[in-house]
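Here's a structure for you.
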Amino acid sequence: MNVHEYQAAEVLARYGIPTNEGIVVTDPEGAMEAARTLGGTVAIKAQVHSGGRGKAGGIKLAHSPEEASSAAGAILGLDIQGHVVSKVLVVPGVDIAREFYLGVILDRPNRRILVMASAEGGVDIEEVARDRPERIIRVLADPALGLQAYQARGMAFDLGLPSDKVNGFASIAAKLYRAYVDEDATLAEINPLILTGAGEWLALDSKMSFDDNALWRHDGIEAMRDPAEEDATELDARRAGISFVKLDGSIGCIVNGAGLAMATMDAVKLHGGDPANFLDVGGGASADQVAKAFELVTSDPNVRAILINIFGGITRGDIVAQGITEALGRVTVTAPIVVRLAGTNAEEGRAKLAEAGLTAVETMDEAAIQVVAAAGPN
Amino acid sequence: MNVHEYQAAEVLARYGIPTNEGIVVTDPEGAMEAARTLGGTVAIKAQVHSGGRGKAGGIKLAHSPEEASSAAGAILGLDIQGHVVSKVLVVPGVDIAREFYLGVILDRPNRRILVMASAEGGVDIEEVARDRPERIIRVLADPALGLQAYQARGMAFDLGLPSDKVNGFASIAAKLYRAYVDEDATLAEINPLILTGAGEWLALDSKMSFDDNALWRHDGIEAMRDPAEEDATELDARRAGISFVKLDGSIGCIVNGAGLAMATMDAVKLHGGDPANFLDVGGGASADQVAKAFELVTSDPNVRAILINIFGGITRGDIVAQGITEALGRVTVTAPIVVRLAGTNAEEGRAKLAEAGLTAVETMDEAAIQVVAAAGPN
Amino acid sequence: MSILVDANTRLLVQGITGREGSFHTGQMVEYGTPVVAGVTPGGAGKTVAGVPVFDTVAEAVLTTGANTSIIYVPARFAPDAIYEAVDAGIALVICITEGIPVNDMVPAFAWVRQRGARLIGPNCPGLITPGQAKVGIMPGFIHAPGPIGLVSRSGTLTYEVVDSLTKVGLGQSTAVGIGGDPIIGTSFVDVLGLFEADPATEAIVMIGEIGGTDEEDAAAFIRDRVTKPVVGFIAGQSAPAGKRMGHAGAIISGGAGTAASKMDALTAAGVGVARTPSEVPALLRAAMSA
Amino acid sequence: MSILVDANTRLLVQGITGREGSFHTGQMVEYGTPVVAGVTPGGAGKTVAGVPVFDTVAEAVLTTGANTSIIYVPARFAPDAIYEAVDAGIALVICITEGIPVNDMVPAFAWVRQRGARLIGPNCPGLITPGQAKVGIMPGFIHAPGPIGLVSRSGTLTYEVVDSLTKVGLGQSTAVGIGGDPIIGTSFVDVLGLFEADPATEAIVMIGEIGGTDEEDAAAFIRDRVTKPVVGFIAGQSAPAGKRMGHAGAIISGGAGTAASKMDALTAAGVGVARTPSEVPALLRAAMSA
């Protein structure tokens, strides 16, 4: 689960990290008022769950309340990578002496939590990682004991910080790690972490994502969810136990199992089609689940044909076929449907589907070819 | 550092352990008032840093406010193993169905934290450990991960608890372990932990001790210190960086180093004397430290002779001798003094001491024999 | 022969009285898997599909000599179940449970490894040595004994491939589902090493997906250490970046973990890479006769 | 020969610029100990008694090849110093620091052991191989090279015994102060095993004190595994129960840890037990000529 910059900053502030505290507003008047309250130069920052805000014109400086108002007016309503800006954060302008990157993330190959820092702050860290990997300092935390003080200090020395800045940096790194672990984050990032002209540390831009599987133990995180930032259809699917990701194509896919769902999308693509979605209907593929899946898929106006791909395992193919026909009795689906049914009792299932007037085939490739044909040329 | 039962219960209650909440009073009127507030039968319990309260008459039941008053009157002022009762805890009477023991302590041989439980609660656990060790269930916590849920549950099953009581017990064990670790305890004990007639868990008597070396990170613990329970002289010594323990004999000991101090006491004993104290003056044995040590030792009216045993290591013997003579210029000491000085520049030191009219010898045994003679027969 | 599980497996089911646990215990027993014990705290004295239930793993191991455990307990309690199994001396733990927080698996993974035990999963379908032991949730009947070792991050996609293999007469030595989470106990490399050393395995199929770099690591391992023919398939060739495809671990992030990168690495390591699962049997035949 | 430290020791001093650290670095250098580096965060570029100072242990090890570390940093920071040393590859860490919370040492002890390193202390005087390396705070001049291995939980009491040995011509192979805390990295048993294996050590003196059961464990070890003559002394024969005698670990609690119990165990194991330190040399002579 993602949160906004200002929410991430609030979390980190609770862990004792100095953040650039600001005011969140939803209209130009609010921005003007906030700028007046803060005084001096302010920055107006789009609050959307998306990167690339700067390049998209989502961050502006304003030297007066009036400028703040017009900057907010320009930012509010912007579409940044598909996210429409409905809130901006107004923060005091800051005298930046040096910019650093500091982030905590899971290191999958090592199965440990990784703390990364770089003296190249304020830029895209993935770009630094790719082009100048030696500029990133990486430290793995002990799985049980966590990040040790000497490790945090070592990062500070490796960044080339002067002695009197070492403990300040190490303390922020320790707190960021603590926040990552205690809040079950999947990402905790400060970019840039700055030294001001006065030599103070300040987290100028904070970013956090959280482990969906651990939200049950963090009421505070769940409360930060911004429904406006979530795809309503995906949310709806999740509540029904269905994994759904909307894509740009025209062929709706309903599959049991995540791996098979991806392979199905791949087959559609291979045979010249474009999948409209990823959809894992879950294990059972009951009539209820399939009906819900139809709803999800058909809610997308781009969908011109639907491919159902079920591998009957523990659940028998004839039962799945019955579920599909039942679901079609409840939900109106106008797009042509191709069903591929394999595994346990697949033959009986296909017979049942054919009786109900559905195209039922045996192999995935065959199904993909047929559904691409049914959807017609793009 | 030790705390009172009621303070231990307060700590454990903060960790979510159900405790028998009561009222602490310092006079019979208070006890009467408390009994009235609580209603019904109450128990009046001496609050002293000492075991054996029950046997010493420090715990009484009272069936009315009047009885509570007279019970408190009988308990207040009692001397329990050298501790005079100045506070009593008034707690509601409880319907006890079963009594258990639950404790957390350091297991030195294994260098891990040990959780112990027994179905023989309410009795001296050391006695159970000695006579019926098989009645004690022991579980070592992982040094980094702590007590695992399955371990706490396993203890409950091993205690023979019915299924519906297992999670309740496991939860209390987990909380007691958590309290031990988070508060830097050296002992956290509930004895008895009871099941009431209604089937509820209740910590009926709680005991905690804390690591003196970790008090700096626990303001809350330090605040629980009861100066009335601490030996004023030992406290005074600790502030001066001197380890001091009062004993019953007549020969005061001033030694540098804890091991040597014990060995010195042993030598005194071996040669027919009785040490009046353990005293480790610390590394340097400066005039200030020695003067303070004289003060501590001579504050005991039983002291009839004083043995100073210094092994000059990094600190030279002649410097130590000078410190001793300087200290004697500041503090009036009437008891005869025998000084044993060995190690670096010991000869020069002994000469200096002899000049100052002090008996200075070369070996520990010699010194012990002389000081025993100087103290005279018991 | 086979790897990890066989007729000598003495299986313990943790969470045996739960809905999933009891259903799949029945399925595993029916398949002929030697299921010797189950554990559900407070369930001692019950039986599930004829299997005796104990309160603790320690007791179950002591009484039945269980040497392998499969975990069906809910995500919140699954890490504790892993610790309990390993601490009781179980050397191979298969965790089916989906949805365990990653931060719980970080210390659990390190602890299991430190103790010298092996964890498979979490969030995996388990593993099967056809005709000997089905330790998981896969449909047993699609498998047949044979010379193909199969390792996969996925569930139904594996069944799809297994089914296609069995249908053309390519039975399996062992089929291992390693799971779809960001942290899993046993990686492709681990299983590839076991298959390489297993005399009964003549060729290997590995089924990967987007996310992480385990497939790239596997490619390097195959290049350097695997002499047997390997065929691979990577799901998610059409997946977009930044979107989690069902499995918690199936996400392309920071430009890493794409299907293309994995397919290229495998191809470079001499692995026959299928574009769709249906291509696997033919590639396998070709590789085996090469 | 000797144990643990000798002329090949390359010593690093953690906390070298502190009061204790700088003083004892001077003393160790003067004794002839090969002190190659010091660490104080932020102290890089300085020197103490001619020894170069680094910001981190990793850097110090990389630059100077240090293989042994001695820690003089304050109690709050000492556990971190232990982790840093071991993580940088230091195989032998001597922690002089007194007053480390026990709960900090529980995970630190386990971690050091898991990494295969050795910790001596905390709250110990260090160790010395006379004429080769003084790694600690003991007065060097009272020692002399010779055949006696000495191990002790105490500081000045050890000097007392060493002094008495040296005076009668019994020099020491190595004298090890293992420390007076409830949790120490190296126990009597560990050091006894090293002395037993050390050809230069002909007889052993162990100086225990009240508290814990390390002396009882040592007695069992001596009985079963030590062939060389051993003489023991236990301080605290006159100590009352429940009172901590200076050292955090020197306390008789729950009826365990008495001097009598330890002396009995040692006597039963064939150890000559002295009633006062002055008896040690004679008992040693007797044991060695037996």
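Labels A, B, C and D are assigned to the chains in the order they are written; within every chain, residues are numbered from 1.
Definition applied: contacts are C-beta pairs under 8 Å (C-beta built on N, C-alpha and C of every residue); 3 or more make two chains touch, one makes a residue touch a chain.
Because the structure is predicted, anything quoted here is derived from the model rather than measured.
Under the contact definition, chain B and chain C share the contacting chains A. Ranking every chain by how far its Cα centroid lies from the centroid of chain D, the top place goes to A. Averaged Cα coordinates give chain B a centre that lies 28 Å from the centre of chain D. In this assembly, the C-alpha centroid of chain C lies 49 Å from the C-alpha centroid of chain D. Computed centre separation for the pair chain A/chain D is 55 angstrom, with centres defined by C-alpha atoms. Shared interface positions of chain C, i.e. residues touching 2 or more other chains, are given as 107, 111. Within chain A, contacts with two or more other chains are made by residues 144-145.
Taken as a graph of touching chains, this assembly has some other topology, since it is neither a line, a ring, a star nor fully connected. Contacting chain pairs (ordered by label): A-B, A-C, A-D, B-C, B-D. Residues of chain B that touch chain C in their complex: 142, 144-145, 148-151, 153-154, 157, 163-164, 166-167. Across the complex, chain C is touched by residues 106, 108-109, 111-113, 126, 129-130, 143-144, 181, 184, 186, 211-214, 216-217, 243, 245, 247, 255-263, 265-270, 275, 278, 280, 311-314, 342-344, 363-365 of chain A. Of all the residues in chain D, the ones that touch chain B in their complex are 27, 75-76, 99-107, 109-111, 137-139, 141-142, 152-160, 163, 180, 182-183, 207, 209-210, 212-214, 217, 233, 235-240, 243-250, 254-255, 259, 275-278. Touching chain A in their complex are the following residues of chain B: 144-145.
Residues 41-42, 44, 55-59, 77, 80-81, 83-84, 87, 107, 111 of chain D are the ones that touch chain A when the two sit in their complex.
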